[in-house]
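The chains carry the letters A, B, C and D, assigned in the order they are written, with residues numbered from 1 in each.
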Amino acid sequence: MTGSIRSAVWRQLDPRARASGLSPTNQVLACLIVLSVGLAVLETEPTLSHLTNDLRLLELGLGAVFAVEYLARLWAAPEGADGSARARLRFAFSPAGLADLTAVVSAFLPMAAPGLLLRMVRLLRLFRLAKLGRMSRAWSDIATAINDRREALALSFGLALVAILIAATALYLVEGQVQPEAFGSIPRSAWWAVATLTTIGYGDAYPVTAPGRLIGGVAALASIGLVALPAGILAAAFSDAMKRNRGSNSLPPE
Amino acid sequence: MTGSIRSAVWRQLDPRARASGLSPTNQVLACLIVLSVGLAVLETEPTLSHLTNDLRLLELGLGAVFAVEYLARLWAAPEGADGSARARLRFAFSPAGLADLTAVVSAFLPMAAPGLLLRMVRLLRLFRLAKLGRMSRAWSDIATAINDRREALALSFGLALVAILIAATALYLVEGQVQPEAFGSIPRSAWWAVATLTTIGYGDAYPVTAPGRLIGGVAALASIGLVALPAGILAAAFSDAMKRNRGSNSLPPE
Amino acid sequence: MTGSIRSAVWRQLDPRARASGLSPTNQVLACLIVLSVGLAVLETEPTLSHLTNDLRLLELGLGAVFAVEYLARLWAAPEGADGSARARLRFAFSPAGLADLTAVVSAFLPMAAPGLLLRMVRLLRLFRLAKLGRMSRAWSDIATAINDRREALALSFGLALVAILIAATALYLVEGQVQPEAFGSIPRSAWWAVATLTTIGYGDAYPVTAPGRLIGGVAALASIGLVALPAGILAAAFSDAMKRNRGSNSLPPE
Amino acid sequence: MTGSIRSAVWRQLDPRARASGLSPTNQVLACLIVLSVGLAVLETEPTLSHLTNDLRLLELGLGAVFAVEYLARLWAAPEGADGSARARLRFAFSPAGLADLTAVVSAFLPMAAPGLLLRMVRLLRLFRLAKLGRMSRAWSDIATAINDRREALALSFGLALVAILIAATALYLVEGQVQPEAFGSIPRSAWWAVATLTTIGYGDAYPVTAPGRLIGGVAALASIGLVALPAGILAAAFSDAMKRNRGSNSLPPE
């Protein structure tokens, strides 16, 4: 009898118990996680400080729900494993279990105290997003695609860093004297180079002399390649990962 | 006799009646739809207020054309279905029929009155663009590609939101005291984080301290991946959707 | 004898006469075209007005070279066709022939006169770039890829326009009263929407209210999709075009 | 005995001696290279000038390590070739050998002298990054993908240049009189055109008149294609390069 209740609880809580989709309980929990992160974000806004007490109450309520969820997961943990009580210990020290515990604890730590440390304690609540991770199944596609080409992606990332270093050094040599605030050293130039080569372009720093603009134009054109390179690598990797998945479903293993 | 006229009208109005391309009537209607949306957009410009009366007249003329089109579609609707009069009711309450009706009604609602509500009533005319939707056949390719990978795309969208949250929180902690206006809370920081991670970079907010710029540079480099990820997923999905379309045309089903 | 000289001239001038690469004559001509366009660009810079006479002389020299090239192409034209003299007429009125004639004529039109019309006459020289078009063979790959998916690309372009219209209308409704200069009408808002959805982000206009920034953030995230969609379509199209090219080279036609 | 030591040294230093990964010695050297480049970058920052003496000492230490590495590579060079002493000469004059020598020499050139020339001598240390090149094996994938489509990539780069020229000329004609500082000549307009078509958008120059913004909007939309084109070409090339690699590993050559 207890076993069948425990089994039902486990089927509600563990996404692996379903072939696809989320159980009603997990759907509600996902919404509460997003809500609680949204509240933690809003609480930092000084113009909403008159809501602090309401947010505090809501936060305690959410903490209570997460506490019940944590205890239920701990109690039902043996269902997903070999059935022994050691499964509870394993869950308690798994990343998922620790994330669940943090989600509970961060609700009940003092939240009214000032200072940077306590601000960071309050921000622990943002880690609740990690609880969402277990609920999606598309991770494996993306992880496979990235992992298959991790060396090519790392190399294209390295090329981006080298391009940033070259562009920053060139502008430092050419405009370091003209705009010492923006280009007076390579680290300062690098801020411009990063903003340019990633095509962000804040506009707080840009070359003004003719040779500087020539170099800037070359860097701008290079930025197209820097974006296209990882996009192309990932596109081919997804295409490949998908084909292998389909192959392994319908064909005998090679 | 009436039947053959109705059939000819239907063949002129319904894009499904042709293997490819648009009938002359639909080509003219597509131009009028674009023209009427353009007029509705221009009418909001205060420096063109001396044209209001001309635009009003033109709008009434366009409304009359759309009224005739709506009645013709309603009359010819049985041709596209089982031929019974119920097909007219079905068309009248279909999304396409309601879009056509809105296109007519929005032309004859009073347009000279001031106020936000009436401004929005006038903007109903922008919904005429929805009438264009039925005229293109490439929807299915794009819809298939997006639908096939909706979970991976949703996840890459979720990763973008998490990256925005992390970047915003980091800048809030590092520069919240230095630039309270731009980074004094996570929602404020999020405006900078969105502009940076989507590579827009308005330049109204940017880090100024060394640690802030270091975090900003990491966020800038991460933006390359955030753009490359959905591009790669969609590229593989289009490639796959196309291959299946070709396969289903020329090969026996697997 | 004249025939063999004419044949040698034709082989030097017509890129189709070689399996790959460019003849020495065409390599020199390509450099001169780029040089002459560069000079036409530099001539517009007021701070270089002391060089006008030198640039004028150089321009006349380049015009003489292009005149010789034009006459040689006209004379050798029958080699590339059926050998009859009518081939010269056909070349003279072909787009390539007209581009060559314009390149010559634009050098000898008066260049010192002021005024907008003559400025535009001088800019005719920029059309010399069209002469470069015939020299590349990669056009067909790109043209095939774009042509294969022209409807999907047009639709993704149409979706971009609709997204711009929606974003512009939303900001006009939300911030039209707050920032009338930037968002006081849909055409004005559209300038911001274009800069945002293409991820350019000049920073001359951006929302400042909370609801405006919320809409701006959604538009910013949508911009990732607007860039990823055509990139994905083109990636699949290139992949497909390449496979068919390889297939038609090494396999019997399907 | 000497031979076996030399062989062990060579196996530690030459990445080709291992099927995958880096030897411990090379891992340490890679870290030192990154560290020494980081120091050379930091040294240019005027607000860190109080650290100059410390950085100088650290630099001399790094130079000594690179000197030992250079001599060891020179001594062990015959192991990687036919075993003859001529292999040392070949290494000394290979790009890798010259890069290693530069890395040593740049540490011991006088670094305290002022002036642009000596600043550039100090920047020679940035070339140490070239030493990292030999340590990665993903180069070949990326190089193959780029090389396979070098003509299509060059053409899409050429199209970008033509688009920049057209956009710059159009804005020069339309806004040259209104904003002479930003659009008074084609080279000046080109700075705006580059920033727009690469989607950087610094915001130091942008059209302000209605026709200028219309042209700017068209250029902005064209920028999507300019980024999507090389991304699509590279995606297809990576996909193809990968398939051929896999094909040559597991299948008989076609």
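To be clear about the criterion, a contact is a pair of C-beta atoms (placed from the backbone, for glycine too) under 8 Å apart; a residue touches a chain by one contact, two chains touch by 3 or more.
All figures in this text were calculated on a predicted structure; none of them were measured in a lab.
S.K.: Pick out the pair in B-D, A-D or A-C whose interface repeats that of C-D, meaning over half of the contact pairs match by residue number.
M.R.: Over half of the C-D contact pairs recur in A-D.
S.K.: Quick check: more C-beta contact pairs at B-D or at A-B?
M.R.: More contacting C-beta pairs are found at A-B.
S.K.: Taking each chain's centre as its mean C-alpha position, how far apart are chain A and chain B in Å?
M.R.: Result: the chain centres lie 29 Å from each other.
S.K.: Could you put a whole-Å number on the gap between the CA centroids of chain B and chain D?
M.R.: The answer is 41 Å.
S.K.: Using the touch definition from the top, which residues of chain A touch two or more other chains?
M.R.: 187, 190, 195, 199-203, 227, 231-233, 235-237, 239, in rising order.
S.K.: In the complex of these two chains, what residues of chain A are touching chain C?
M.R.: 199-203, 231-232, 235, 239
S.K.: Show which residues of chain D lie in contact with chain C when the two form their complex.
M.R.: Residues in contact with chain C: 151-152, 154-156, 158, 162, 165, 169, 172-173, 180, 184-188, 190, 195-196, 199-203, 206, 210, 213, 216-217, 220-221, 223-225, 227-229, 231-233, 235-237, 239-240, 254.
S.K.: Spell out the part of chain C that touches chain D in their complex, as residue ranges.
M.R.: 37, 41-42, 44-46, 116, 119-120, 123, 126, 129, 132, 136-139, 141-142, 145, 157, 160, 187, 190-191, 194-195, 198-204, 226-227, 230-239, 242, 250
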